[in-house]
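What follows is a pair of complexes built around subunit A, which joins subunit B in one and subunit C in the other.
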Partner chain A sequence: MQAMVNKMRGKKGQLKTKKTGSFLAFNCLKSKKAQLKIQQMAFMLMAVTLFFALVGMFVLAIKFSGLKETAATLCEENAMMLVTKLANSPEFSCGEAFDGETNCIDGDKIMMLKENIDAYEDFWGASNIEIRKIYPAEAEKVCDIGTYQGGDCNTIRLISKNVSGFDDKYNFVSLCRKEYIDGDMYDKCEIARLSVRYNYNERC
Partner chain B sequence: MKDVNKMILKKSKFGQEEMIGFGLIIVLVAVILLVFLAFSLRNPVKENVESYEIEGFISALLQHTTDCGNYRTFHLSIRELIIDCGQGEVCLDNRDTCEVLNSTLSGILEQGWKISGNRPIKGYQLKILRNDVVDQVIQKGNVTTSYKSHMQDLGKSSTQVLFTAYY
Partner chain C sequence: MNKRVKRGYLQISFAWMFAIIVGAFILFLAIYFATKLVNTEEKVLDLKTGKEIGILLNPIETSVESVKLTTLTFPKETRIYGGCDDNYGFFGKQLIQISQKGFNNQWTETEIDGSKTVSFQNKYIFTEDYTEGKKFYILSKPFNFPFKIADLIYITSSSDSYCFLEPPDDIKEQISDLKQPNLLLEGNCTGSKEEIRVCFDTGGDCDMAVYYDFDYVEKKGKRMVFKDDALMYAAIFSKPETYECQVKRLMQRTGQLASLYKDKALFVSQKGCDSNLDLLGLINMINENYENSNNLEIIKNKADKIEEDNDYSSCRLW
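The block that comes next holds the complex of A and B.
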């Protein structure tokens, strides 16, 4: 009887040992899997970081390659905005001296401004401001005080710096002045083109 | 052992699902980046004619002084000439106001909107409407599908000036 009990105990012990062994093997496998998983995760994180870094570098490279063009576009936009508002600014506009309409430039004011342009040279940030009568069509005659008073000119160059590489921005304006006929004064307005070129180096 | 195999199989399936998920995220991120790139790299469209040019042109055109006078003034502006033309009046020197208006407008348009050669402007059209009926039309060049136009009401006699530039 005792011998049988002992045999049984032995078998139970064997069973216990077998069970514990497979559990350890499973744990070991699980641990290896976890390590693999961590490794996988680390690689994946590295890959994702690398991917975003590359994309970022690509975007930056493209962005910076167009930086000069963007600056030029900004300059053009500035010139466009300036040309739309310049005719109605106090230094240019007809105000109450004429019918008080929009896009009306007082020629006399402009000539006086031209005489004192040194004080205004950097005021608008433009490298060129020019007003040219478009009708009737005539060869270019630049105005000074003498020719303007005689009505023998068609172009007023207010600011004229030599800047190349940018297109002028235009707007149509009405260039008005007071004229006399037989002692009677009347308003003479002529359609003209106001052109502005922006100074890239200084303001943009 | 069977249990272990089952668990490995289950884990492998989980791994596959994770891979699909990751792939989907990558695709999603790539699509978002592409859209962002497309928007940020899109160049601003350069207009051949700006709206302010048309508005400025009509405004300046109406203020232009002509050599036609009447009993009020020796020199009528185009705005006044349009109204006088509608009333069938003549200049002080007996010229027809409509003829003066037509010739002045044609000259200004020709100088202001040159369409010859490789210029961006392909054509233009100026209409004078009275009581919503077209009274005078000056047209030159081709009529295209790209255009910018502006209408200005003169206030008197329901007269309007409509200018369209084709590019």
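The block that comes next holds the complex of A and C.
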């Protein structure tokens, strides 16, 4: 027994054993065993903690990826709901300026809005608002005041931020304007597509 | 021998002590993070619900209708807090916050304009500090001043009944046509203490008095001036501070829209569409005179004149 203890403890232990005798050596061995047990338990507890921490992180990662999806869905829903009613908002609607039109957008007013869009940049929570005449089907010509007056354009980009990867939500509307030909003024209304897009990274 | 037994006991008790301390620590951490997670989940749900309410309010914007009513039902008891900020950007902003009863039957925490608040610049919601219940009535009415400014939204809980006492005939007709179950006319009022009594042109035993002919509502000792029925309902259904803030936001939008119509008038005049409306006068009047609803009177006179000019114009701007 003594020999075994000495073998385990080395020279220092050997010296001690010699001094204290076999009874103490037995106790030292027991203490060593206890230390080993505590170490085992400590490792076990650490492993358990680590395991739960990892599981927690995994759950959180899944949760937050879901959260992003929820935010995106809400933004999409907002765009969808917005586009159905945008034509009725005071900045867009014809009111009674054009005869008997419903779901009608006042083109002249929209062009003025486009010129002063800074105030309205985040007003509707959309990243892109665009109105495009759908007939006749032509290549896209973006309107500015000059081309609009000459009737030489088909797309009014009201708000246009860089957005990619998301479908437009759109609705069909009447796009009306005042026209003046040969001394006569008349209302010209054309069918157009009002589309709204949102930016995933911005608050919609 | 005794010494050996004692040491043995010490060894076991230390191991147990160690296990108990570390175990308790792990349990504490687990409970702490679980509670945090539940709180976060509740916050996320409140935030999501708030956003959804804002989104669901989009379709109730009116087009040619004079009023629109819809209901909103939640699966559990909910408080809808409405806030207003008139100092944000060009139009101020509408704040919405939701508080629902949590798993321990406590209301989730609220802090208007805090992290759980959602905001919308294009909405005007008139409500008391908060409305509580499972089912809510959402009423929407356009506000014209003189052109359409916005749709005003009034949110009331189905558990709050409003009893209208002696309203003028046109208001009686509107409420009767609306068929909103919590808006009661005199004959249908129950007389219970919970009922909110709205008296017309008389003070008496009422929660608020509407002086219809003098264009003001008196509520909680405060006077709210209105200039049309849409604003009158707004004053009835909202707390005075919210009313003042929202009307200020409406005036900010009136100014922006007047500026838009002024530009449009100049643009279409090149096509022979002349409309001599004093829109610049209206813009200046709003910028210089508007402080609170008491100033509506003077601006209203200007707005009425502009409306009349537009109605008789050969080329209407709106």
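One rule holds in what follows: the second predicted complex is superposed on the first by the 137 of 204 C-alpha atoms of A that agree within 3 Å, B and C clash if a C-alpha of one lies under 4 Å from a C-alpha of the other, contacts with A are read in each partner's own complex, and residues count from 1 in each chain.
By definition in this document, a contact is a pair of C-beta atoms (placed from the backbone, for glycine too) under 8 Å apart; a residue touches a chain by one contact, two chains touch by 3 or more.
Note that the structure is a prediction, hence the values are computed from the model and not measured.
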Check your understanding: Is A:Thr49 contacted by the first partner subunit B, the second partner subunit C, both or neither?
Key -> second
Point to revise | Which of subunit B and subunit C A:Asp187 touches, first, second, both or neither | key: first
Check your understanding: Looking at the overlay, does A:Thr84 come into contact with subunit B only (first), subunit C only (second), both, or neither?
Key -> both
Check your understanding: Touching A:Thr155 in the superposition: subunit B (first), subunit C (second), both, neither?
Key -> neither
Review point. Now for A:Ile134: first (subunit B), second (subunit C), both, or neither, which partner does it touch?
Key: first
Practice item. State whether A:Thr102 touches subunit B only (first), subunit C only (second), both chains, or neither. Key: both
Study note, to complete from the structure: Counting residues of subunit A touched by each of subunit B and subunit C, the higher count belongs to C
Practice item. Tell me which partner A:Lys178 touches in the superposition: subunit B (first), subunit C (second), both or neither. Key: second
Check your understanding: Should A:Trp124 be classified as contacting the first partner (subunit B), the second (subunit C), both, or neither?
Key -> second
Practice item. Could you give the residue numbers on subunit A that contact subunit B in one complex and subunit C in the other? Key: 84, 87, 102-103
**Study point:** Residue numbers on subunit B that touch subunit A, as the complex places them
**Key:** 1, 3-4, 8, 11, 22, 26, 33, 37, 40-41, 44, 50, 52-53, 56-57, 59-65, 73-75, 77, 104, 107-108, 111-112
Exercise for review: Note which residues of subunit A are touching subunit B in the complex, please.
Suggested key: 22, 25-26, 29, 33, 44, 51, 55, 59, 62-63, 66, 73, 80, 83-84, 87, 99, 101-104, 134-137, 170-174, 176, 181, 184, 186-193
**Study point:** Complex interface listing, subunit A residues touching subunit C
**Key:** 27, 30-31, 34, 37-38, 41-42, 45, 48-49, 52, 56, 67, 70, 74, 77-78, 81-82, 84-85, 87-91, 93, 95-97, 102-103, 106, 108-109, 111-113, 115-116, 119-120, 122-125, 149, 178-180, 183, 185
Study note, to complete from the structure: Contacts from subunit C onto subunit A in the complex sit at residues 4, 7-8, 11, 14-15, 18-19, 22-23, 26, 29-30, 33, 44, 48, 51-52, 54-56, 58-59, 61-64, 89-91, 120-122, 147-150, 253, 256-257, 259-261, 263-264, 267-268, 270-273, 315-318
